[in-house]
Each structure stands twice: as C-alpha cells, then as structure tokens.
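Scrolling down, you'll hit the structures one after another.
There are two complexes below, and they share chain A, which is joined by chain B in the first and by chain C in the second.
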Partner chain A sequence: MTLTLERPVTAAARTGTDIHIEGLEKTYAGAQASVIPNLTAHLRAGEFTVILGPSGCGKSTLLNMLAGLEAVGAGRIRFGAREVQALAPRDRGCAMVFQNYALYPHMTVARNMDYSLRIAKVPRAEREARVAEVARMLELSALLDRRPSQLSGGQRQRVAIGRAIIREPQVLLFDEPLSNLDARLRNETRMELAQLHRRIGATSVFVTHDQVEAMTLADRVMILNKGRIEQFAPPSDIYAAPASTFVAGFLGSPPMNLLAVESRNGRMALPDGSTIGCRRDGMFQLGIRPEHIRLGTGAEMRVQFREELGSHSVIALTTSDGGRLRVTAPPGGVGDALRVSFPQDALHLFDAETGLAVRELLIRT
Partner chain B sequence: MIETRTSFDRIAMAILWLGILFILAPLWIALMSASHSYEHILRNGLAWYPGGHLVDNLIRVFTDTRIPVQMFNSLIVALMTAVGICILSFCTAFALVFLNLRFGWLVFATIFGTILLPVDIRVVPTYQVMSNIMEPFAALGLPVPQISLVNTHIGLALPAIAHGTGTFMLRQFFRTVPMDLARAARMDGAGALRFMWDVLLPLSRPALAALFVLMFLGGWTNYLWPLVASSTADMQTAVVGLARLATDGDSRAPDFPLMMAAASAVSLIPLTLIAVLQRFLVRGMALTEK
Partner chain C sequence: MTQSPFRSRLIALLFLSPLILLTALFFYWPVAEAIRWSFFLEQPFGGGSTFVGLANFRRVLSDPEFWKSLKLTGIFMVTASVPAVLVPLVLAMAADRGLRTSRIARNVLVWPKGVAGASIGVIFGFIFNPFVGILTPLNQLWPGIWSPGTDGVDAFITLIVANLWNGIPFNFVILLAGLQALPDTYSKAAALDGAGPWRQALDIRLPLLAPQLFFVLVLEFTESIINAFGLIDTMTRGGPGGATTLLVYKIYADGFKGYDLSGASTQTVLLMILVLLIAAAQFLLMERRVKYER
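Entry: the complex of A and B
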C-alpha cells in the first residue's frame, strides 16, 4: 500500500500537542504495590513515543490513563495547556487504535469510521467528506460498504486507524495494534504507520512489548519497568548507551551479554583475558553486545550451541567461570572452541547493586 | 464425527429413530384419539389409528370449552413473560458485565438465587406478595392502598419475569463480546447507554431471539403458578384449562377425544414457533451451554 495524501486532513490534525505527565500514580484496589508509583515525563508535540516494557510493567495502564479509560490515582496529565486527567475520553481530543481492531462488527466500514462524528453531531455533509478523505488516504474507498468480517486483517487495521484519525485527534494512542498481524503484514503496517505519523503529525503514543517496533517507529522510546521509567531516549541512544541492566537485557536481539566482574586496585580482569582500568573497586556487571565481540583473538571459549539465522549465526560460548556469552558470527560452521576479545569502546559497565550504568568509571586506553 | 464406519452410522441412526418414535408415540396417540367419537373411545380405549371425527371434536373444543379464551390468555402471558425477561435481563446483564459495580458479585448471586429457587417451590410466599404488592410498604406503616395482582395477566407473568435464567444467559454472551468494543465506543464518545443501544443491542439480536423463544415456550407451558394465581376460568391459561377438562364431568367418563383435540390445538402455537424460529432456538441452547 502506498499512502497518497495531497493535503493534510486538517490544520488541527497537522499539529499535535505536548503531553506533560506529572507525578502520575495508579494503584489498583486490593493490590499491595502500585502499578505506576510516580511517573513524570514530557512527550513533545508531534513526537512518536513508544512505550516499551514486559507485560505487567504498567504500559497499558499508562496508555489507558492518557486516554481517559482508567481513572488517574494521583498526579496530572496535561495536553498542551489543558489539564485532562478529570475529563472524559471524548473531551480529551485523543483517539485510540486497539489491539484487536475493536471494529463494530454490525456496522459498515463507513459507519465504523464516522460513528464518533455522528455522536458529536457533525453535519452529514461534513461527515461524508471526512470519511471520503480518510478512506482515500488509507485506500479504503472501495471498501466503505463492507463489514469488518469481509475484510482482511490489514484492511481491518486500516479501518481502525481511519476511525481514530477521522476525528483529527491531537493525540493518537496505539495499544499494541500490530500484535495480531502475521509477520509479513506487521512489517508492512509498521512502515505505513511511520509514514502516516509523519503526514498527520499528531503526538503519538504507541504501546508495545516488541522491541523491533519500538526501534523502528519511535522518535523516543520510554522503557518501563514496574511502572518506573528506566530510560526515555531515542532508540539509537538506548542501543548505544543503555541506562541500566534492565534496558541492556531487554533491547537487542540477542540481548547484551551481562557478565559479573570485580575491580581490584583499580583494575578489572575481563573474561577475554584482558584487563581494563576502573575508577572504583567492587563488583560490577560488564555489558557487551554480541555483535561487538571480536572473533579470532583473545581467550579461547568452548562452544555450547549455535543458532543459524541465515544472514548470521548466534553462538553461545561458555566463559572460564561457567557463564554464558553470546556472540554473533558470520554464517557457517565453527569448531568446538572460539577465540574472542572485547573491544574496549564496546564495553558497558553497570553497578552490580543498583543495575545503573556507570560507564564513566571505565578507563579506556 | 468420531467414528466414520458405515455400520456404526447405521446403529446410531437406528437408535435415533427409536428415540424419535418413543417421543412421538404419545403425540400420535393424542392426535389419533382426537379423531374418534366419545362412544368409540369408551368402547375401544385410546386409538392408534385415525378416525373421522377430528373436525367435530375441534369444533367442540372451540364452542363448548373455554380453551380459546384460555389460549388467548396463554398468548398474552407468554408474550409478556418473554418480552419482560428479554428487556429485564438485557439491562441487568449489561450492568453486571459492562458497568463497574462495587457489589456486582452480590447482585449476581442474588439473581442466581432465583434460578435455584423457582416459583414452584416458593409458590405460597409468591402468592402472598401478588395478593397485595404494596404489603412491604404497608408493613412499614405507610398508608398505601391494597393492590392485588392475583387473577390478572400481569400477575400471571410477573413472577416468571423475575427469574435469573435470562440474565445468566445474556451475561455469558456479553462476556464473549470483546471488552475493547466498549472501550472503543467510549473513545468514540459514546456513553454507557449509547453503547448499549448502538453496539450491544445489534450484536445481541441472535441471543435475544433465542432467549425470547425459550422464555415464550416456558411461559406457554407454565402450569403451577397460573393454576394457583388464576381463580376464574376466563383468566386461566390453556395448560391449566386442559387439565381442568379431565375433571369437568362428574358422573360420566372423561371426554378423551375432546381433551386430546384440545391438547393438539394448544400445542399448535408453540409448535409453530419452534418450527419458524428453530435456528434461534438451537443457538440459544448453545448459549446456555457456555
């Protein structure tokens, strides 16, 4: 599908709005711990933010609170200058795309899309014009009289998006909208979404547990863990400099290797046999991405197993102290053992207790 | 099918046909006996074969008995019961599933109680309530008039309407409706009632049709409550009237052909309903199983 849009839907839709989240808190009745203890963040106007985290990290709760589908425990949410946390969803100027499309099965595509306009008592002529425009933009013009059951998964997804953008929302919310599509369609739809966002310009918040979606779609990724922001930064920053072991272990495929190391008298012995200077003594977690490990030189490690992925292979090695180290290597067979070394500029260092990055403690030579 | 061998199929079919015969035999006897004269039945007992008096007997049912007006009563009561249950249980099930009620479980347990305690086993207190529905207020010392619903159409239907089966059925159905639909409707700006009317009601049409058929049949065949709550022959329902036919004669033997003709006539309306709405009935059975 190619997106053709001669003019933006309207001026209102072209410009998103800043989202300020201040001291947001949510605790469910009967639960001991808060889903979201205290969250403050600023999502810039027109930005595409992906909220990423494992299930149960509070990402859906956060999205629902932004949408108004769940009451806020404490704290404030502002869309631009407006405080919205006490408003009903319809008064917030936001729209949502749901995981299972959530199209009304008994309504046609056109009715599905203009239902919100009907409720808002938009005159018929304007409704029809807007439906036609959104349908053209999403290539649904030929399908307007069909019912959702007569559409393919990708088409339903587009209707769901059409239903959301027809109201020209300042804030567009996505609740794992791609998780129901098959792998090929997911790739396509992901790219369409990215283009669409650029054209519409609404501030978009996209919840997912899929790191590929996060990396490809986001201007900035908010990584949530137990309701706290672990890191909120552009994808490339998160990849290059994860703020904690949680982020390091969550992002990347395969994820970053984390190895326990100890620093004594300002020096730290690394599993590859080399040493590196460290400004503080004590226990640390050393991080290195599988794709950054150099093969052929350094310490010899036994091969545990190998996964062949076509373009490359992932090899699991056993370190001298029994730990596991994953490296990516060109495709093809390897022997029983491999020599590996760690380039100093690819090393990450995390505090063993807090899990926070302490990269600056390393003395690279 | 678990088994596909033809011999197994034949045995299964044979058992099925036996079952059908077993069920249809009494109906057959009723219909055949309805086609003979009183004297013929007195002499020969119930008949297995057709006779020539079916039309005469049917005419007698419509001229000599109260069955026609009682069938009308049954129709009114069954319709009120079915419509009442559909409306009431649609609303209660909606509240239970889609509204966040603090004591929803308690409400549901109470409603469920009406399934465990049908009218048949609480007929005396139900009669007491129906004989003066203002009694609770009177007991509080309020100056209220006495209103009796005994021997009225409403009084015949009301206790059957206050029954949880429909709520239970629709609750189960509503729980299969994706929760995201309700959330999407809220995002679209629809309030709870708007969602109920615009989205849930169209989606529930098959379920409601099934519920309607089941409850209509229940209302039509109800016996004990209409027997207790109707005191005049003109307010009795057809099923009660049928039973009364057997005891009408004092000295002479019961008029079996007349009774059988009346029974056939009374079965006609529910039979037609089943034939026409069979599709929904099957779906309704599937709903109750869930």
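Entry: the complex of A and C
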C-alpha cells in the first residue's frame, strides 16, 4: 500500500486537539490496588503518543477512559477546552482502532466505514464521497462490497483504520492494532500508520507493548509501570537517557545491562577494571547498553553463550562477580573470553533504592 | 471424518442401541404404522383391515372440518409463535444489558421450563376462568366480555398466552446465550461510532443474533403445531364449537373418540408433511440471509 494522496483526507480535515489528563485515577471494584493511582499528562495537539508498558500496567484502561468505554474513577480529561470524562463515547469525538479490528461481520466494507456517518445523518452524497476517498487512500476501493470474513488480516486492519479516520476525529485511539498481524505485515503497516498520522493530523494515542512500534511511531513515548508514568519523552531521549531502571530494562533489544556497583570515597570501581569519580558514596546500579561496550581492551570476561543474528551477534559474558553482561559484536565466532571496556560517556547511573537515574553524580573525565 | 474411537463398529452400535431402540419404538415405528394405516381402512377394535388406496386421503381432503382445523393451525402457528419469540427476545436483550433485576430475572424466567404442558394448561385454565380468574373484574364491568368457555376468540387467546408462557424459558436461554457470545468489542466500536443503546441493539446485536433467532423461530413454528395438544386438552378440549380444534387435537379426537383410526392416521401423515414443508420453506427462504462469518 502506498499513500499517494497529496492533500488531507478531505478538504475540511481538522487538526487534532490537546489532551489534558489531570489526576486521573481508576480502581476496579474488588481490586486492592489502583490500576491507575494518579496520572497527569499533557498530550499535545497533533502529537503521536505511544503508551508503552508490560501487560497489566494500565495502558488499555487509560485508553478506554480516554475513549469513554470505561468510567473514570477520579480526575479530569480535557480535549482542548472541553471536559469529556463524563461524556458518552459518541459525544467525545474520538475514533478507535481495536486489536481484533471489531469490524461488524454482517456489514460490507463500505457499510462498516460509513456506519458512523449514517448515525451522524451525513447526507448520502457526502457519505459516498468520503468512503470513496478513504478507500482510495487505504487501497480498499476494490473491496468495498466484501464482508470482513472475506478479507485478509491486513485488509481488515485497513478497514478498521478507514472506519476510524472517515469521521475525521480530533482524537484517534489505537489499542494494539498491529499485534494480530504477522511480522512482515506489521512492519509495512507501521510505516503506513506513521505516514497516515502526518496526513490526518489528529492527536493519536497508540497503546502497545512492542518497543519497536513505540520507537518508530511515536513523537513521544509514555512508559507506564503499574499505572504510573515512568518516563514521557521522545523515543531518542528515552533511549539516550532512561529515567529509571524500569525504562532502561524495558527499552532496547537486547536491553541495557544493569550492574550493581558501589562508590567509596568518591570513586567507583567498574566491572571493566576502570574507575570513575562519583559525587555520592553508596550502592548504585550501573547501566550500559550492549551496543556501547567497546571490545578488545579492558577486563577479560568469559563467554557464556553467543546468539548469532546475522547482522550482528549478541554475546553474554560473565563478570568477575558472577553477573551477566551482554555485548553486541560483529557477526562471527569469538574465543572463550573477550576483553571489554566501558566508554565513560555511555555510562548510566541509577539509585539502587529508588531505581531513578542519577546520571549527574558521575564525574566523567 | 476422524478415526473412530472404537475398535469395532459393534461396540459403537452397542452404546447407541438404547437410543436407537427408543427412537425406533416411539417414533419410526408409529410413523411407519401411521403411513401404512393411511392407505387401509382399519377396524376400530382390531380384526381386519382393507387396502383402500388413496380413498382415505380423498375423504379427509374433501372434509370441510379438516380444512377448518388446518386454517386454525395456521393462524395459531403465526399468532402464537411470533410473541413466543419476540417476548423472550426483548427479555434476553434486557438481561444481556445487565438492566436492574436482570440477575433475578435470568433465574426466574427459566423455571417454567420445568412445568409440563398439561400442568400449564390446568394452571391457565384457572387463571383465565371467567368466574374465579384474574379477568373476572372485566366481566363485572362488562358482563360476558371475557368468556373462553363460549367465545372462540377468547379461548384462542388463552391458548396463545399459555403457549407464550411455555415458550419463554427455552427461547430466552437460547437468545441470551447468543447475545452473550457476541464479543463486546462490537458494542464498543459501535459506541465510538456514535450509536446509542437502541441503535446498537438494532444495528449490531439484532443482526448478529439472526442465527439464533432463526433457530428458535423454526422450532417455535413446529412446536406450536404439535405441542399445543397438552394445552388444548386441558384448557379448551377443542371448544367452544371447534374454535380451538387445531389439527393435532382433531387427530386425537377423531382417532380416540370417534374411533376413525384410518382418518386420524391420514391426517397425521398430512400434518407431518405440513411440518416438513414449513421447516423446509423456512430454511430455503431465510437460512442464507441469517448466516454470517465472524
């Protein structure tokens, strides 16, 4: 599928709206802990936000509350100047793409897409024009009379997207829409979604547990853990400076190495044999990404095992205190041991107690 | 077909034999007998039968009483089946939406299934009794307005209501199960598309429930023709003046009161053909429309 349309979905396409989430809280009846204890965030107009987190972190609950499919426990949600947390879904002006597409099985593709327009009593001529335009954009024109059961997974996905964008929503919500597609199709659809977002300009909120989707699609990624925001920043910032050990361990493939280190008298001994100055004494978690570790110099470590990935290989090493260190290396065989050293500017430091980044404590020379 | 789990077909047959025996004894054998008798003239107390060809059919089909009861059967089939599907449909939709008291209703609505048709007839005979039943006040206001013992229409109404009451549990269970099997993402998607509860029910849930609706409608059509016997026998005995003598009751009356075994058998065969035709017509006309693939 290629998107060849030069102008927005329709001439009247609106841009998105700011989403303000203030003190949002949600506890399910009978549950002891809150799914979302207290969440405040501002999603900018037209921004593509990816909510990323492990299962059970509250990301789907948050999305459903934005859509109006779940009641808000406490707090406010504003779309622009409008408070929407008490409104029914149909009065909020959002559209949603569901994980299993949720296409109406008894309606044709065209009917699936224009159902919302029929409810809104849009005149027939305009309905048909909009269906034709969205269908052309998503390359569904030949399939308009088919039923969902006659479509492939990728086609169903596109119908679901078409159904969502045909109303030109101010807020576009995605609930893990790519997880039912196979790997190749997921890659394609991901890129198309990014282009589509730029064209439509709606404020998009995309829930996923796939970090590649988050990194590639997002203007900003909101990383949720137990209903709390661990970090809300552009993907490159999250990669370059994770705010906590949770983020560090969650993002990146393979994830960042986290090693227990201790600082005494202002110096910290590192597993690669070097030392670095530290402004505070105590226990810390040292972070370093596998791809940032330099090979060939420094401390020698035993090779535990090696995963060959074609473009590169991932090697697990045993540190002197028995911990595991992953490094990425050019493809090809290695011996029983490797020399590794940590470039100072690639080091991350986290408080051992809170897990929060304390990068500024390092004195790099 | 997958590999049979039994080493020998004989073992499989052995397990099936009780059911085969019962079905053969109480269904296929009587059916075969009825078909045979419809071509013979049978003595009422046994002792000889004469082959008469199609004479029985000629006699029955030229009898205005037969056509009258056939017409009544048709009227009953439509007027009794439609509410017996619509009322459970409304109840099931309400229960599915989790409206107030739906938890209690879900239990209570199933209980009538445990009551035999004849018992229902006795109960409704009391309920609709013009002197002690619930409609007695009507007769005090307008004497004679409610009189199922003498008014054919009133008698017919009592049958329809009793049949409805009898049909609610099963149809309710089937329709509710169908509704609850629908993934709730359809409702969510419709809600986001702007549909309120009514539109969601009409545009999404009702069409998706079509297979179950079709199923209960087919069953209800055939059941209303055949199972009305218990109700008629206990409530109206075919009266007044033959106003509730549906074909199924006429067969019983002709055969066991009038001792016309051949005529009753002939009508039985005709009734079976009618039921088959109706079911076949429903499948031909509707089945393709109600099917959809998820």
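FYI, the second predicted complex is superposed on the first by the 359 of 365 C-alpha atoms of A that agree within 3 Å, B and C clash if a C-alpha of one lies under 4 Å from a C-alpha of the other, contacts with A are read in each partner's own complex, and residues count from 1 in each chain.
Assume contacts are C-beta pairs under 8 Å (C-beta built on N, C-alpha and C of every residue); 3 or more make two chains touch, one makes a residue touch a chain.
It should be emphasised that the depicted structure is a prediction, and the values quoted were computed from it without experimental measurement.
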So, after the overlay on chain A, do chain B and chain C clash or fit? They clash
In the overlaid three-chain picture, which partner chain does A:156 touch, first (chain B) or second (chain C), both, or neither? neither
Taking the superposition on A as described, I'd like to know which of chain B and chain C A:98 touches: first, second, both or neither. both
Which partner does A:115 reach: the first (chain B), the second (chain C), both, or neither? both
Examine A:147 and indicate which partner it touches, taking first as chain B and second as chain C; both and neither are also allowed. second
Identify the partner contact of A:326: answer first if only chain B is touched, second if only chain C is, both if each is, neither if none is. neither
Check whether A:186 is in contact with chain B, with chain C, with both or with neither, and answer first, second, both or neither. neither
Identify the residues of chain A that lie in both the chain B contact region and the chain C contact region. 67-69, 88-90, 94-96, 98, 100, 102-106, 115-116, 119-120, 163
Seen from chain A, its contact residues with chain C in the complex are 67-69, 88-90, 94-96, 98, 100, 102-106, 115-116, 119-120, 147, 149, 163
Looking at the complex, which residues from chain C come into contact with chain A? 183, 185-186, 188-196, 199, 203-204, 207-208, 210, 292-294
Under the definition above, what is the set of chain A residues touching chain B in their complex? 67-69, 88-90, 94-96, 98-100, 102-106, 115-116, 119-120, 163
Note which residues of chain B are touching chain A in the complex, please. 178, 180-181, 183-190, 194, 198-199, 202-203
